[in-house]
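Labels run A, B, C, D and E following the written order; every chain starts at residue 1.
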Amino acid sequence: MVTPDPSRSSLKQGLPPGTLVHIGERRDEPVTISVITYDEQHYDERCAVAPESLPDLPDGRYTTWINVNGLHETGLVKAVGDRAGLHPLTEEDIVNTRQRPKLEEYDDYLYIVTRMLRYEEGAVRSEQVSLILGPSFVISFQERAGDVFDPIRERLRLGKGRIRKEGADYLTYTLLDAVVDGYFLVLEEFGDAIEGIEEEVLASADAETLQAIYAAKRELIELRRSVWPLREVVGALERGESPLIQKAMRVYLRDVYDHTFQVAETVETYRDTVAGVLDLYLSEQSRRMSEVMKVLTVIATIFIPLTFIAGVYGMNFRHMPELDHPWAYPAALVGMATVAIAMLIWFWRKRWI
Amino acid sequence: MVTPDPSRSSLKQGLPPGTLVHIGERRDEPVTISVITYDEQHYDERCAVAPESLPDLPDGRYTTWINVNGLHETGLVKAVGDRAGLHPLTEEDIVNTRQRPKLEEYDDYLYIVTRMLRYEEGAVRSEQVSLILGPSFVISFQERAGDVFDPIRERLRLGKGRIRKEGADYLTYTLLDAVVDGYFLVLEEFGDAIEGIEEEVLASADAETLQAIYAAKRELIELRRSVWPLREVVGALERGESPLIQKAMRVYLRDVYDHTFQVAETVETYRDTVAGVLDLYLSEQSRRMSEVMKVLTVIATIFIPLTFIAGVYGMNFRHMPELDHPWAYPAALVGMATVAIAMLIWFWRKRWI
Amino acid sequence: MVTPDPSRSSLKQGLPPGTLVHIGERRDEPVTISVITYDEQHYDERCAVAPESLPDLPDGRYTTWINVNGLHETGLVKAVGDRAGLHPLTEEDIVNTRQRPKLEEYDDYLYIVTRMLRYEEGAVRSEQVSLILGPSFVISFQERAGDVFDPIRERLRLGKGRIRKEGADYLTYTLLDAVVDGYFLVLEEFGDAIEGIEEEVLASADAETLQAIYAAKRELIELRRSVWPLREVVGALERGESPLIQKAMRVYLRDVYDHTFQVAETVETYRDTVAGVLDLYLSEQSRRMSEVMKVLTVIATIFIPLTFIAGVYGMNFRHMPELDHPWAYPAALVGMATVAIAMLIWFWRKRWI
Amino acid sequence: MVTPDPSRSSLKQGLPPGTLVHIGERRDEPVTISVITYDEQHYDERCAVAPESLPDLPDGRYTTWINVNGLHETGLVKAVGDRAGLHPLTEEDIVNTRQRPKLEEYDDYLYIVTRMLRYEEGAVRSEQVSLILGPSFVISFQERAGDVFDPIRERLRLGKGRIRKEGADYLTYTLLDAVVDGYFLVLEEFGDAIEGIEEEVLASADAETLQAIYAAKRELIELRRSVWPLREVVGALERGESPLIQKAMRVYLRDVYDHTFQVAETVETYRDTVAGVLDLYLSEQSRRMSEVMKVLTVIATIFIPLTFIAGVYGMNFRHMPELDHPWAYPAALVGMATVAIAMLIWFWRKRWI
Amino acid sequence: MVTPDPSRSSLKQGLPPGTLVHIGERRDEPVTISVITYDEQHYDERCAVAPESLPDLPDGRYTTWINVNGLHETGLVKAVGDRAGLHPLTEEDIVNTRQRPKLEEYDDYLYIVTRMLRYEEGAVRSEQVSLILGPSFVISFQERAGDVFDPIRERLRLGKGRIRKEGADYLTYTLLDAVVDGYFLVLEEFGDAIEGIEEEVLASADAETLQAIYAAKRELIELRRSVWPLREVVGALERGESPLIQKAMRVYLRDVYDHTFQVAETVETYRDTVAGVLDLYLSEQSRRMSEVMKVLTVIATIFIPLTFIAGVYGMNFRHMPELDHPWAYPAALVGMATVAIAMLIWFWRKRWI
């Protein structure tokens, strides 16, 4: 379904604020929780952790990354959230998967909402990812298994690059960076799709082309809703004064900001391009129709007078002296040909043929 | 009636400012006043209270919520307003039901105007709700009975959640939250309606579809007028410095602000979508017309020349030697078929058939 | 004449700044000056006052309101202006009746330009009203007799409401308020006119409808030019630091600001609506044309092939064996009917009939 | 030539900054320099002054106005500029006649670029005027002889008004004022032209009308490029802190600012109007085409079936019993008339005729 | 390829930040490095320098300009960057050739990204140029050999103008100035191209014209992406507080800012112009189609009734008394002529012919 949808549904109507109601697509897979704790020397990864056996947060010694896949079991989400000391409104927002990207600063954590995009089976799939950045931990909540974070897990495992040397803020940065990098992939696919539509418009536009243009337009509206607020989120992180983010981090955040800026700008350019393609489609159609009309007009205006002449000599009046003349028939044919040729010359001078 | 209407009518022309004149739909129902006083232990609810027997405001011990249904008896409204010490201009605004949402800070109360939306019989109904937030009281003025506040009354009665533990500012927040939640319901209905129009456009667009698109466009303009200023109102409340609102309240107001933001954004998206649907409608229509023209052109350009040929041999010239030839008729038929087939091939190569 | 016109015409070209040249419609009526002086107890009203016998300004004891009707006798305007100590550029602006609303602060007076609108004979009439707010006097300059201030004069005479208790700033406020209230009347008429056009578009749009839409569009552009700057003027008055306006006045000015905001917003909504009506007009026209084309196409594509068949059997070839068959004529008719019915079924399935 | 043109051409490519290259239309007239020196008592005017015999700047006692007509002899411009101590970049800008209006503050002078507009032979002619405001001198550089400053020279000669009592800043103001006043004349002509186009559109629009609309659109884009930045320039002058401009001057500059604002606004209104005229043109054309189609459809749908009937009875089948009936011919004619009348009624009810 | 492309491709997906991956067109030419060191007396130029033999940076005595042509050998770029002490993110950005212009301030250098445009073979070629401004050095990274800097090298060699007297900041300015000057050349070509399209539209618009308009539109979108951010970059440099740029430099940067402003404005004007050309194209097409329709309608409505009359007298009814009358045939011809002439007069009065 592509219609933009309000983020809070009738389910919530009348419930006190802070009540956890999962809003989004129904899912059946079990919710899984994985925990990674690390510092420069140490690395530990546990999958399918029960909420009771989660480590204490903050840990003090290590940096901890808890990843939750699946938000439909609100009890589990609440258990994890309470463990980390999240505000009820934050927990409510985590399970409401139709939000716009935003940054909220609480006293002892930052709450970041982003949307992770993937191109699946010819359509953009959007999934909400909530990030909690605490003093030495990061919690990420995803709607379902499968994400763009595998290379980060790999780098953590191998201790490649700076990632193991830095703390939770750097991890948050790499997660955001991975999300934004994913956008570029989606945009690449999108760019190809638009180019395809464009060629189609110039070759043989039909009703499907129109619907493809319209669909692209709508997906871009959707994309925009994911991208623009994200830019503000990253900008606010960069400019922000939060003690959870170190000064040295800002140059990296500026880099992510730059990338979101590029993504946002590309989306705008695509919007312009799609609007241009629609104009092109309409102009092409009007040009073709104009061509159709010309053909009709040329054929009709040549033959209608001729048919009239033939009709005149087909009348049954008794006294039509020209009918009896031996050269009358060839003369009539020549006359008709003359009319036709005069017409053709006129059309040719008007550049219709 | 859907036309946007100026909020002050000819009735007021020339009256001194502060004169209470009810502007809005005429109603007959009696005005009813209900009063709820509560604190954590205590709860008292009275219906159909006369203005004389209203409690003192502020009460001191309890939080008081006075709800007035119906604004057409301006005397009653004035009685309630004077009791609460409202400025004459505030009273004037309360009974003028065609205002845009706004927040006005007076010395000892905040005056909030919002619009409560409901979807009734396929159309959006908008009702003005004025909220007065005083030191320990809230007064709500509605245009008529029936509202989105019943779940709040229920929570007050049952003492569920934090509502009984908090004061008038929290009550104001829950009322605003309920109003904004109501918008999501309206938007859901609206989204369905737009999707319906869309399918209709692609299946079989006619004059009614066009009018439906146009009506949706106008309702969205109306919606926008309710939603955008409300965003500013809630934003101003959140950022505001009013001593009537406690610091701890701000996180809740930020949440409402977020929701109004989402509503506003959804309205914008719908506007884009409806504009897109109109484009689609126009393109579809032009595409269909183009198809109609092609059919006409194909039929006409094939048969007009043939009819001409038939006309030639229908002429009554005495000396038309070919008429007497035994194979002339079949030859003429074959000639005609050749012309027709040549035309068809030409059309086929032009992709018209 | 509706074309927007530059405010300074060729008449002024090359004159030194400060030269009073009346720019606007030529008038013949004599200029009349009326003076009202009042305080809470006292009230005095004089009509047709000569400029020589004007009271001293500021008066000290009373509040004075001088109203000048007619600006074409620049000598009189200059006499009044000099009496009140106006800057030459202010006097120049007063007689130049094609200005946008503005607020100018001089050392000892405020100069406010507004436009008073009235709906006369189906068109919006706009008249420039200049207000001078001095320490205890107000001077109003109008283009001609007849205004929206009569109820204010009445309230002054009767001492109704607060008006006699307050000073020149309150009088300025009531004058502005009366001007803005007049806008609502104009907008009501305008709203009705737009609704009329709308119905016409859906019933039977023709060239006049198009011109009506276009005229409405232009009048709205004009209206906008009056309303938007007025909003800024009132906003500047409200926020301003001028000692001529008391603090307690601000709440009233906020009210006027609110009303100008509503007017401005309504004008914008009307612009959107008129744009929508134009779209509707164009779509309706294209839909109707499409219908016309379908009728032509259906009739033509049914009968053109039939006429061809008739033409074939009207040919005069000697050897056309089928002509002699006794059942040939009925068979031909049945064949034609079959073709026609097949065509009709095809059209019906294409939803053209 | 109307295409907007970059201000620095290929001529400059690769030259060091500060190299004087004249960019603009080639001219042949000689460059002429005139010098006016004045104070309240004294007035002296010299024409065709050689750069060597220019007075010292600043003069100390008198105010000096040097006017240079013609910029194509860059040597002369450089001589004058060096005399006045201008920065090389300023001199470079003076001879580059394709700049947007701007204000640049240097340590001891202000550099103002404006465009002087005149309506000549049905087209807007734009000429760059550079003003240098120094401590007690003004230098004006124009592209060619002929300007809007003659009334100022006259006022200087006669000592009329304040001009001889004030210094170089007042002179600068009067020059700017004269330039802006010239805009009003151009706008008046333009308004008339637009009104003419409008009437043409409603009477008989053809290809020339379309090109006139398009030309007006482009000229307005050009005008806008002259007017909008000028507004900023004058605004910056008014708000500026330059010691070269006395405090008392600001009220005059505010007046010029006002006028530029009006000009800018009128240009915007004209843009809206021209856009509206284009819409009107397109709608009119589509309405007329629709009318053409209706005529075709009515004629064709009436006569095509009749022609078919005539064709049927023109067939040469031997056995067509109705042909022999004495009343058959009148019956056929009556039948045809019935079909035609039925069609006409149908069209009339559809409001096509 | 013209599609706007995301700046980071799938190649980078999952790599740690700071990893150098060349993004852009693949190239084969070898990377070449040239070094120029100079002060007022001294000038030294070396081509094809190996990264190992680069001078120390900063040099202390001389100003050094290192130019790198080719970014596809990321090792070389890294070597140069490390030598100059660049941040890994800067190096990453240098080799990513699909960035928007930007300015980044690091502790001891400024990083400027611009795009150098050239018009080659009828299309705009865009190349990324990164400039590093250090204490006494400038490093420029280009995508390939061939640039707009040759005149600067010439001026350095000859010691013409101020360039050898000033430091690295002046060199940066001249490089930026040369880049912006290059834009003017591109815009000139572009302006010519647009004028060509315009003439084509008015003469004989066809499908190629439409595609040319569309292509121009897209290239302008691209151009805009290069120009607008550059304006901000130069503006930030001018306003900036960086100690790397001397105060005296600001007036030069203001000049470049001015030029970028002009370029940006010209691009906007071109966008308006191209939009206008598209409107013109569509209007022209609709006008021509309308003309085609008129011809068809005139011919068809004249001859269809005549053909019908001829058809009537071609019927084979036995009893058609008028057929036997000796003057019937001429009378029928006269009747037909009368009908035709009446039609023609009617069309003429409707201004269709």
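Everything below uses one rule, namely that contacts are C-beta pairs under 8 Å (C-beta built on N, C-alpha and C of every residue); 3 or more make two chains touch, one makes a residue touch a chain.
The UniProt protein names, listed by chain, are A, B, C, D, E = Magnesium transport protein CorA.
Owing to the predicted nature of the structure, the values given are computational and were not obtained by experimental measurement.
Shared contact partners of chain C and chain D, listed by label: none present. Chains that count as touching both chain C and chain E, per the definition above, are D. Taking only C-alpha atoms, you rotate chain B by 70 degrees to land it on chain C; that is to the nearest 5. If each chain is reduced to the centroid of its CA atoms, chain A and chain D end up 42 Å from each other. Centre-to-centre separation between chain A and chain E, using Cα means, comes to 26 Å. Along chain D, residues 286, 289, 293, 296, 300, 304, 307, 311, 314-316, 320 each make contact with two or more other chains. With chains as nodes and touching pairs as edges, the resulting graph is a single ring in which every chain has exactly two contacts.
In the complex of the two chains, the chain E residues touching chain A come out as 3-10, 12-18, 87, 89, 99-100, 102, 104, 204, 206-207, 210-211, 214, 217-218, 221, 225, 278, 281-282, 285-286, 288-289, 292-293, 295-296, 299-300, 303-304, 306-307, 310-311, 313-316, 320, 323-329, 332-333, 336. Interface residues of chain B facing chain A in the complex, by the touch rule stated above, are 150-152, 154-155, 160-163, 174, 177-178, 181-185, 187-188, 191, 194-195, 202, 251-252, 254-255, 258-259, 261-263, 265-266, 269-270, 272-273, 276, 279-280, 283-284, 286-287, 289-290, 293-294, 296-297, 300-301, 304-305, 307-308, 311-312, 314-320, 351-352.
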